[in-house]
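Here chain A shows up in two complexes: once beside chain B, once beside chain C.
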Partner chain A sequence: MKKALVLSTLAVLLASSTALADTSGKRIALSNNYAGNSWRQAMLESWAKVTGPAAEQGIVAAADAFTTAENQATEQAAQIQNLILQGYDAIVLNAASPTALNGAVKEACDAGIVVVSFDGIVTEPCAYRIAVDFAAMGKAEVDYLKEALPEGGKLLEIRGLAGVFVDDEISKGIHEGVAENPQFEIVGSVHGDWAQDVAQKAVAGILPSLPSDIVGVVTQGGDGYGAAQAFAAAGRPTPLIIMGNRQDELAWWKEQKDASGYKTMSVSIAPGVSTLAFWVAQQILDGQKVPQDLVVPFLRIDQDNLEASLESTPAGGVANVEYSLEDAKKVIAEAM
Partner chain B sequence: MKWLTAERLRLLVPALSLVVLLAAVFYLQPRTMSYTGLNLLFNLAVPIALATIAQMLIMTVNDLDLSMGTFVSFVACVTATFLQTDPLTGALILVGCIAVYAGLGVIIHLRNLPSIVVTLGMSFVWSGLAVLLLPAPGGVAPDWIRWLMTSKPPLVPMAIVASVLIAVIAHFLVMRSAFGVVIRGVGGNERSVARAGWSVVRARAATYALAGFFAVLSGICLVGLTTSADANIALRYTLLSIAGVILGGGEFVGGRVSPIGAVIGALTLTLAASFLSFLKIPPDWQIGAQGAILIIVLALRLILNRRESVEKAK
Partner chain C sequence: MNLVVRLLAKPWIWAFVAAFGVWLATILFTGGASTLGLSQAALTFAAFSIIVGLGQMFVITLGPGNVDLSIPATMTLAGTVALKVMDTNNDLIVAGIAATLAIGIAIGIANYGLIKLLRIPPIIATLSSSFIVQSTAIWYNRGIRIKPPAYLAEFSTASTLGIPNVAIVALVISIVAWVLLEKGIYGRWVSAIGQNMRAARLAGVPVDGVRFATYVFCAVLAALCGFLLSCFSGGAALNMGAEYLLTSIAVVIIGGTAVAGGFANVPGIWGASLFLFLVVSMLNTYGASAGVRLLLTGLIIIAVIIAASRKQTV
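Presenting the complex of A and B:
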């Protein structure tokens, strides 16, 4: 028993070049508001995959995940207050609302608890935010098109769910990119709700009214495969469709690539961002200086790493990557 | 068993279930047994208790309000926007809301409409208005309500003081005042109240207005806790408030309600969620477990009620 203890302590010391042992007694909780889609399921899986071994190695004492039964801000506020009562040292948070949890988050900060929000971030100043720069993601799509289609042309835009902040941001980025590159013109815009079936219907509906020389489709993820199906059903040539890291999109892309050398790119946020938030929380508990606002890197798939990404993505899932302590340190250093 | 009147029995089961749950929570998580612990455990129950009282008033006159959650959300949006930047306009809007509630009572009574249909329709109106007011989550809570909701009275935490205050005020309004007798009469036997010379339409309008008033308080308190609003912030309150009333010994028809019980019911519902979270029950099972707690409490009440009626028959 004693030997095992010594050995495990030794292992921890070896595994950690920095002062990691400082957080060995700390407990981190994940407060999650929703688990009802493949992205969130992958997020929770990544959390378990990374934090489980971290807890076993003694980097942290515990890293438990809590999900509210219903996607409601009031319920999550109660959940956060319960986590405070359970004495966690840090709460990693994917919030149901950017503002409605601020009261509970403030209570946590006042109790000396580190709060790190990611994906669904909170505006309370005492919390840390790992935000997604969705506008930059939209712009990255146009930047790719600029290189792939130097002569420019007409574009179709597929948007997400109307009225949601993410949809506005990505679309804003796309329109900014197009404004900077006048060789492109957006000739149509539909809402695909980030779902293949909705996107397919929406695109099929607008296609007859569009000119026949559409060169590219800018998307928001979860809608590329549906768009491709709509173009095929209408008997039109398939334009360059930006993909969103979903398995069905990647599989279709691979098929086209093998058949005709089809070229595109795919970009989205990896659900494994929960693990990035975990390491950031661990770093803060470790006493490292971390800026209040951090930015998540996108997960981008290109022509050459398509096969590898497709292989590691489960059917019906979304391409994922788990972050390591080093990744977190890099993100923190970049934001300094 | 003379002291065990029907009214007291109605209160006994919810009060006992609250005590048992509280004991279990204290056992599971001793940290809750403190001033801050109790406050964190119960502060989000304060707006729920107010919404439950509002729902109870509507249920007193045999109606049901399916727009409670969206209405509280709308009030929260008004509180975080107008009431903060322009208190006069904000207050006028809220008074207007209460007037709308009174108007609903009149319409439901005069046209003999089912309240479920009218309030379901209104829920879309409130939710639409809330989205118009706050298309994206935001707004700031007025300082005074933030101060009130985070105040730390000596000895007993704010959440407990507020709950007791709500229960006592509602108790006097509904169980001890002449107005209370009339509205419970409307629920119990509308015709005899009318024959006795009371205006039923006026009673219903007043009940709805009072319910609107409590719902407005609920929204304001909620924003005081959350610091800002969201158009969907309180959607769960519709079902929570109905469950709270029933859990607290109220009934859907007959004007049989218990204001103290309703507050206890709201506290029990909040506590049940914490209890399950402390037990680390996986979220997939939590809704089911919450339902199981409800069914157990209701079953207990049914057994006691039956015994009571058997004793009466003797």
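Presenting the complex of A and C:
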């Protein structure tokens, strides 16, 4: 699986290397605001795995990754200014704030630098955005529940980090889905901060006061395993918990599936989206016409491809795909 | 009657009053059906705050400017390294605990080394060492989550006579801390230093030795807490200590320990830790939105601190 991915990437690289001569002298930098969880670690690994060979083969001159220590917008703004001075041709950006970096991003654009933001996007109009339709992701969860639990029932919602845009969007999608499907009712809502231990704590706190007939748990990723543990600790039957592509979640799901035929689905964003942003930046430097706003597809795991996904996910990591140049071209074409 | 008056004079009573109040409000919501579940959950999760809170309490009692900000990073590193050392193997549990203690001691020594030898204020010294410790944890296994050995996973999630095992561990540590603080010379020394370091030095208190021991004690407790938490939650995560930075300080303050140092108490840590867990559970149960929840949490904490500090000054 992995080999095939590498080979196909190489094949694409070889096939298109003549057409890409234009970017062989270009240098691309990754400006990243945070590295302290497994998703971000996988994101940086994917970046190294794809951009390393790309630089060796002369598709680009360099693709260096920089991460700030404190996850602060001011610190990242200073970092972007350094990258401008160092003369990079493009900056791929996972931003600490959607708005606070706009000044620094504008400076970069004015200096003729291509800025491609992804995951944590920026609103500055001159930057490119590879955004996730988080609301659609939330809605997809309810759509799945509709099929899996046709009679409906009571749901527990685990949200992310309060006050963050992503949390609001996913929750909005979930609530829209529930409004369209009145057979479901959200009877409790807690914030799990996308972290397994926080989710476990929050769910354990609210469970004793929830009715005993919870049929499903809608989540935002990183919190499914913690929810499962809280249900087990309270001695309650495990409801259908939507998972978020973390290896511990998938491993738990596999255990339950083998033991009792447990069914659910898992959805999140692949950390390899950093490589999609890399290829988009490369395409822009290559002179291709690219719309300012692109949408990245979700990575969804279902009952039948659970084993394959679990096998390719490192212990403690996140299910991941690296994107190829072809994928980037497809995403660009779709947005045209 | 006399007992009530004496109890009300204790600085830690208000944390318990508040904890009891929110506990009652939460179980009333369900007509009492949630009593056992909620109490067990509260004891379980309060246990982790209690363990780090005790260490932070001793550090804060050393006087103005003393605080340990490296607690989250220490927890993360200890959990990460211990689980990797044990590698899900029941036979290596002793090695895992040894690694945990060694990490705690090493970080404590490093912290006090920065404070004493390089004359860096504790707040800066422990903050900067936390960057190094956190980076070490990231470098050590890149966020790979390893499951705890089966015995430990079982132990940390199970209960004995209805009381969660982690709460029993926290109780044992609390009794040790209480004896150290109230019955031993060490506790007197810590309080003396916190009240006036110069006077303590002139009175013959081994100031450097006591401060050194206190920072090591705090780091060891943080390491132990990280170890327990990662066993409890099925593996160490890189961001698992994050919420314990503010929590460790909050439980000390809400528990009635003087922020300026010099006066500490152990029971307050329990009241405050239970309260902090229960207040979130209560507001979740009543379906308060995140904004309202944070607002009310802040207001309740302020109210408890005002009540506690008033009693102290009278």
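Keep in mind that, in the parts below, the second predicted complex is superposed on the first by the 320 of 336 C-alpha atoms of A that agree within 3 Å, B and C clash if a C-alpha of one lies under 4 Å from a C-alpha of the other, contacts with A are read in each partner's own complex, and residues count from 1 in each chain.
Here, contacts are C-beta pairs under 8 Å (C-beta built on N, C-alpha and C of every residue); 3 or more make two chains touch, one makes a residue touch a chain.
Note that the structure is predicted; figures quoted are calculated from it, not measured.
Upon superposition of the two complexes on chain A, no clash is found between chain B and chain C, which fit side by side. In the superposed pair of complexes, A:101 makes contact with chain B only, with no contact to chain C. In the superposed model, A:204 makes contact with chain C only, not with chain B. Looking at the shared chain after the overlay, A:315 reaches chain C, while chain B stays out of its contact range. Judged by the touch definition given at the top, the superposed model places A:256 against neither chain B nor chain C. With chain A as vertex, the superposed Cα centres of chain B and chain C define an angle of 60 degrees, given in steps of 10. When both complexes are overlaid on chain A, the residue A:69 reaches chain B and chain C alike.
In the superposed pair of complexes, A:238 makes contact with neither chain B nor chain C.
Residue contacts after overlaying the shared chain place A:57 against neither chain B nor chain C.
In the superposed model, A:229 lies in contact with chain C only, and not with chain B.
Shared-chain residue A:85: touches chain B; no touch with chain C. With chain A fitted onto itself, chain B and chain C come no nearer than 6 Å, counting C-alpha atoms only. Under the contact criterion defined above, the residues of chain A that touch both chain B in one complex and chain C in the other are 35, 69, 163.
Those residues of chain C that touch chain A in the complex are listed here as 26-27, 29-30, 33-38, 41-42, 44-45, 131, 134, 138, 141-146, 157, 229, 233-235, 237-240, 242-243, 277-278, 280-281, 284-285, 287, 290-291, 293-294.
By the touch criterion given at the top, residues 35-38, 41-42, 45, 69, 159, 162-163, 188-191, 193, 195-198, 200-202, 204-209, 225-226, 229, 233-234, 247-248, 314-317 of chain A touch chain C in their complex.
Contact residues of chain A toward chain B in the complex are 35, 64, 66-70, 72-75, 77-79, 81-82, 84-87, 97-104, 106-107, 111, 123-124, 163, 165.
Of all residues in chain B, those touching chain A in their complex are 29, 31-32, 36-37, 40-41, 43-44, 131, 135-139, 149, 222, 224-230, 232-237, 270, 273-274, 277-278, 280, 283-284, 286-287, 290.
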